[in-house]
Amino acid sequence: MIGGGKGAFIGAVHRIAAQLDGAYELVCGAFSSNPEKSRACGASLGLSPDRVYDSYQELFRQEAQLPEDERVQVISIVTPNHLHFEPARMALEHGFHVVLDKPMTFSLQEALELRSIADQSGRLFCLTHTYTGYPMVKEARQLVASGKLGNIRKVYVEYPQGWLSRFEEGGDNKQASWRTDPSQSGIAGSMGDIGTHAFNLAEYVSGLQVTQLCADINIVVKGRKLDDDGAVLLRFDNGASGVLIATQVAAGEENNLRIRVYGEHGSVDWQHADANTLQVKWLDRPTELWRTGTGYVSSYAQHNARTPAGHPEGYLEAFANLYRNFALCIKAEMEGEKPQKEWQDYPSIEEGVRGMAFIKNVIASGKSDKKWTDFKV
Amino acid sequence: MIGGGKGAFIGAVHRIAAQLDGAYELVCGAFSSNPEKSRACGASLGLSPDRVYDSYQELFRQEAQLPEDERVQVISIVTPNHLHFEPARMALEHGFHVVLDKPMTFSLQEALELRSIADQSGRLFCLTHTYTGYPMVKEARQLVASGKLGNIRKVYVEYPQGWLSRFEEGGDNKQASWRTDPSQSGIAGSMGDIGTHAFNLAEYVSGLQVTQLCADINIVVKGRKLDDDGAVLLRFDNGASGVLIATQVAAGEENNLRIRVYGEHGSVDWQHADANTLQVKWLDRPTELWRTGTGYVSSYAQHNARTPAGHPEGYLEAFANLYRNFALCIKAEMEGEKPQKEWQDYPSIEEGVRGMAFIKNVIASGKSDKKWTDFKV
Amino acid sequence: MIGGGKGAFIGAVHRIAAQLDGAYELVCGAFSSNPEKSRACGASLGLSPDRVYDSYQELFRQEAQLPEDERVQVISIVTPNHLHFEPARMALEHGFHVVLDKPMTFSLQEALELRSIADQSGRLFCLTHTYTGYPMVKEARQLVASGKLGNIRKVYVEYPQGWLSRFEEGGDNKQASWRTDPSQSGIAGSMGDIGTHAFNLAEYVSGLQVTQLCADINIVVKGRKLDDDGAVLLRFDNGASGVLIATQVAAGEENNLRIRVYGEHGSVDWQHADANTLQVKWLDRPTELWRTGTGYVSSYAQHNARTPAGHPEGYLEAFANLYRNFALCIKAEMEGEKPQKEWQDYPSIEEGVRGMAFIKNVIASGKSDKKWTDFKV
Amino acid sequence: MIGGGKGAFIGAVHRIAAQLDGAYELVCGAFSSNPEKSRACGASLGLSPDRVYDSYQELFRQEAQLPEDERVQVISIVTPNHLHFEPARMALEHGFHVVLDKPMTFSLQEALELRSIADQSGRLFCLTHTYTGYPMVKEARQLVASGKLGNIRKVYVEYPQGWLSRFEEGGDNKQASWRTDPSQSGIAGSMGDIGTHAFNLAEYVSGLQVTQLCADINIVVKGRKLDDDGAVLLRFDNGASGVLIATQVAAGEENNLRIRVYGEHGSVDWQHADANTLQVKWLDRPTELWRTGTGYVSSYAQHNARTPAGHPEGYLEAFANLYRNFALCIKAEMEGEKPQKEWQDYPSIEEGVRGMAFIKNVIASGKSDKKWTDFKV
């Protein structure tokens, strides 16, 4: 693991997600750019001191020299955005599989470069767009893909949070500080942090691609350097249209991602706050509540659940699904077997490239007087 | 009553709303442009045949000649949009108070003219933006106005319906036929029918006015002549921004109007599907469920409810609140008394003008390549 | 109308319910045992002074002497329980149809007597068990009756309120005072006031009859004279079992009546707080949300709704459904026609008798050391 | 781990729960009474073959002989009920801490004996009443304990499931087979399997103890040997009363545990289906939604959550909370430190004894003609 030291939210989440199903063991790390902090973190995690490194560069150098059956196999990178590309590049080039937190890189340029490196490396790559790990999100995608809803006409995706309603940065809120800092986050704040999740979900569930967008991007809290709020009109490659909302100044909201996709005959409605239910609505018959853990859901939803219906599975399980599917694919590759299609359903480098293109295009649109901006990769 | 014959949805609603609290008695009507149908309708409603008229022109002529204590006092106009202006004008000019269904007129031009007629007439005027009649919508407005949420930053309003998902017009669905017909509805379809409700609600609850908008307006169902779908980015006079969604092709949706208004410290969230609850969310404390019929709500919410908490009040009661408040104001005027502020809280001609301006501006924006269109009245 | 003067909750509700659909006109009344109050109330309701009476006895005497086409046709009795029997008896014997508030009488003995009087009178009788007027409650009954759920196994009905959590009686809370006073309410408090509603709903939806019960009846608030809380184990005539909860000391609850009926293959779940939704749950497929105003519900549910799906209908509409159906049956009788089966679906004297039997049996069981008490009428 | 081989639901849950926070490592096991199956299971879990045992007896014999720093420290027992006592006894007597699935033993007699063994052993003991591991259940308990709700008056707890609606036993549904078999489950079916959870939750949240009960216990599905349904009237040591429902034939229900506790001033309402919300209702002010992961909840709720508000934590996390708190207490003991009070809040042997007493008393009451049965331990 690279990054994820004290005060990092997502590092701990990655560790739980990885070990939840027992498919990974944490063996080495460079947890902070401060060697002392890295060592303290490694110790608290029970790692052997000789595998806690002062820098990610050293980690790669040393681990690559270990015998193949001892050295680390998969590198998790959980650093702020500006420190995604370089460790990911080195990991792939040293022959390790990579799990990388989103957004994939600091810029679209880096993303394209990383894609080409990954393609050449032959190593596997997983981008942690967590929400696609929820069983009922997978079910939504499958239902759309089945054609039962007819042609898709509308996609509404929204991700309201309230935690940046005040000027939180600059104090000891480490999360707020780096996420609002252009030198660490890149050109986008909320649009990069949560807008990319919403965008990814929209494309994942609908099976469509955005072709044009029209964005209203705002800095609401005085003194903030990056956008903390935005709304985007969307057009998709099949002619459908939609709306994407991402805001971190919606006072009182927790983490209320929601997606609705409407077809000719019916629609799906998934809300993070009730993550184990998929509302399926129809033109002429009762709304149905499809649930995690039941016998009637698709093989994708079944594969990504661990308990019978009525035992809520949450954020950590969704995250763990990414790790588990990635592990199953790595194992299959190692054993020369073809991975099941359900295992391969995790976000990868292509989603990362599109996410970075979203950031570039949405920020450009925000600054443009023209209504529609073409979505260019 | 003018309009509201057989097959008309909203006419029956107006009648129930008017009589629910016993403040009105239906005494005369011109229910259809077809005299036979008008008479049949009048008969079925138990009206005296001599007060069922063949046309609204005749109604005004005849009623105006009746002795003051016999003739009608308030005219309800529930015709399609193209037949709003003329009967409303005549009603005011003949000295009757007017209840008019929304959108107010066929065009903004007519709306401005009607406003000037109404101002000169000294008669009272009520526009039936039903949703502002809900106790918890009134509570939302009061809470925003109280300043407890701080400055308003975001307004999200959405009104998804699914009933026009197919090509319904042209058959015997009278509702679908006139609402999608430019010669009866005007320049807008969904934006006029439900977009104006959403717009009105946004301004009513937030206490703000839209100054700019950016619209994506669509005809989704093949062969339809007016928009059946749209999404609009909004900017308000205090610097807040927002999103308005109005669609009638959201398969599986019923009548799911929802408004969320976010301030610096908290927010309100009202959904038509759970109309007696107002969710009040705060930055640092639990979300609260404010309820119709309780003792802790404002005088506005209390005045507009009839039963103790837990006895659901619905659409007809909300509609009846408009009629009841209008009656209370008329009665106060007749008795030379000052109406209470709670009674005066019904939508009037100013809301009608802004609604018509919304239609004009939103359709113009939909056709424009520029991102932002100024909201002009 | 008899009763329903100032301070009476249910009188006003009856008046709105009766006039909501325009099928009734209030023509006369004896609104209070205090003649002055009665006259003041009549005046405020716009009644002709000569038809506002000082007592119900006088009302019957005078109205019976009016010409048939002038005199009142239906008597609504909305007095406290101890004043139900006598005016109901007189109304029937004077040839009027009767709408009577529940519980039907002061004692089971009176109920049996009233039944025999009603049978002989040939007049129609409606008992206002409001909750059976909700479209989705009717749908629940129809679904059970259709056999689609299989044999019924379990019935859970609960009616928690919180408004008697404190000692409210004795002050100016008129509702609390008479409802907790044995001389006005009878042998039961909560069990009579809301327990009878729950019991009626259980039998109405399940189509079953209670044969045995086991009650825990409590006076929770110190100084109170009648039960304010209770729970009852139930056994039904088909072998099903169930639980009935009725309490008025559940602090924080409004009026949260709920019924769940489970069959071999599925179940129905209706909650007053979400009255326009019927949850239909199945063993092996998704839960369905059946909704008021849709096209797929039964003729009973359709007949008892006024607006399209998504326009919430509430307590007053449910109440109005009782009045409307009663009016339709009276009209059919007057015209010598057979009423439709949907119209006849209103609670009548038989439900009243069973309600009074419930009160007698449940209070007896509460005092008994034996587990099971037979349900005797 | 003892038990938890192929086809066992709860064994896998225990393993995930234990490793979720990285505090446990699975080192040895006797997973099945069939040695071959045990070895296969151990292999699939990646255990060293020399620590996969043919029987639990052998496990204790062998592990006890390993050096202290190599041998297992905590024994998880996840066998059917009839195989709880003996391995638990042996584990304690061999000096191991014990995690035991509920209900604690086959009979109350065994439970009392085990308590005395545990007391003498000085080893720690955890009984996996999972639901007390939810942050919002802990919050409910804390809120009741704070006195803010006033004296507790009512406790309603219900646990409806539908999975035994048909005769599932005898086929290859291993879960159904042993849970309905008196020789493996003991004298109770549903009352032992889920009734004990409901009972435990009632006492845990209310802080009260049941003193009397009156049970209706049923076998609904023909041919079944143990109760699959029941309802129980409860009396508590402070004079409060309540209702407990536990059924496994509620067709369409998943795992819908719910508890409501009412005090003089307010109440708490927790539902498993919305596990991260605690509804707190008050007599005179809005209902509040208290949420996992927020800053305003108690130290107990905060300690038992891993992510910020809005990231749902579910069943596995609740289960993991038990394991984590148990680990923290063991570690504190090993280090001679006093465990924090939040760590000590896990169900222990006392809850196990009361659970077994509940089974004995509730089954006795079910057979009794007397209304009330004293709760005897």
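Think of it as A, B, C and D in the order they're written, each chain with its own count starting at 1.
Quick note on the criterion: a residue touches a chain if its C-beta (ideal position, glycine included) is under 8 Å from a C-beta of that chain, and two chains touch if they have at least 3 such contacts.
The UniProt protein names, listed by chain, are A, B, C, D = Putative dehydrogenase.
Remember, predicted model here, so these are calculated numbers, not experimental data.
Asker: Among C-D, B-C or B-D, find the interface that matches A-B: by residue number, over half of the contact pairs should be common to both.
Answerer: Comparing each option in C-D, B-C or B-D with A-B, the repeat is C-D.
Asker: Compare the CA centroid of chain D with every other chain's and tell me the farthest one.
Answerer: For chain D, the chain whose C-alpha mean is farthest off is B.
Asker: Please report how many Å separate the Cα centroid of chain A from that of chain D, as a whole number.
Answerer: Those two chain centres are 35 Å apart.
Asker: Please compute the C-alpha centroid of chain A, do the same for chain C, then give the distance between them in whole Å.
Answerer: Distance between chain centres: 55 Å.
Asker: For chain B, what residues touch not just one other chain but two or more?
Answerer: In chain B, residues 253, 280, 287, 291 touch at least two other chains, as defined above.
Asker: In the complex of these two chains, what residues of chain B are touching chain D?
Answerer: 280, 284-291, 294-296
Asker: Report the residues of chain B in contact with chain A in the complex, numbered from low to high.
Answerer: Interface residues on chain B, with respect to chain A: 149-150, 153-154, 156, 158, 162, 165-166, 214, 216, 218, 220, 229, 231, 233, 235, 241-243, 245, 247, 249-253, 260, 262-267, 280-283, 287, 368-372.
Asker: In the complex, go through chain C and note every residue touching chain B.
Answerer: Those residues of chain C that touch chain B are 9, 12-13, 15-16, 19-22, 26, 45-46, 161, 163, 253-256, 272-275, 291, 293, 306-317.
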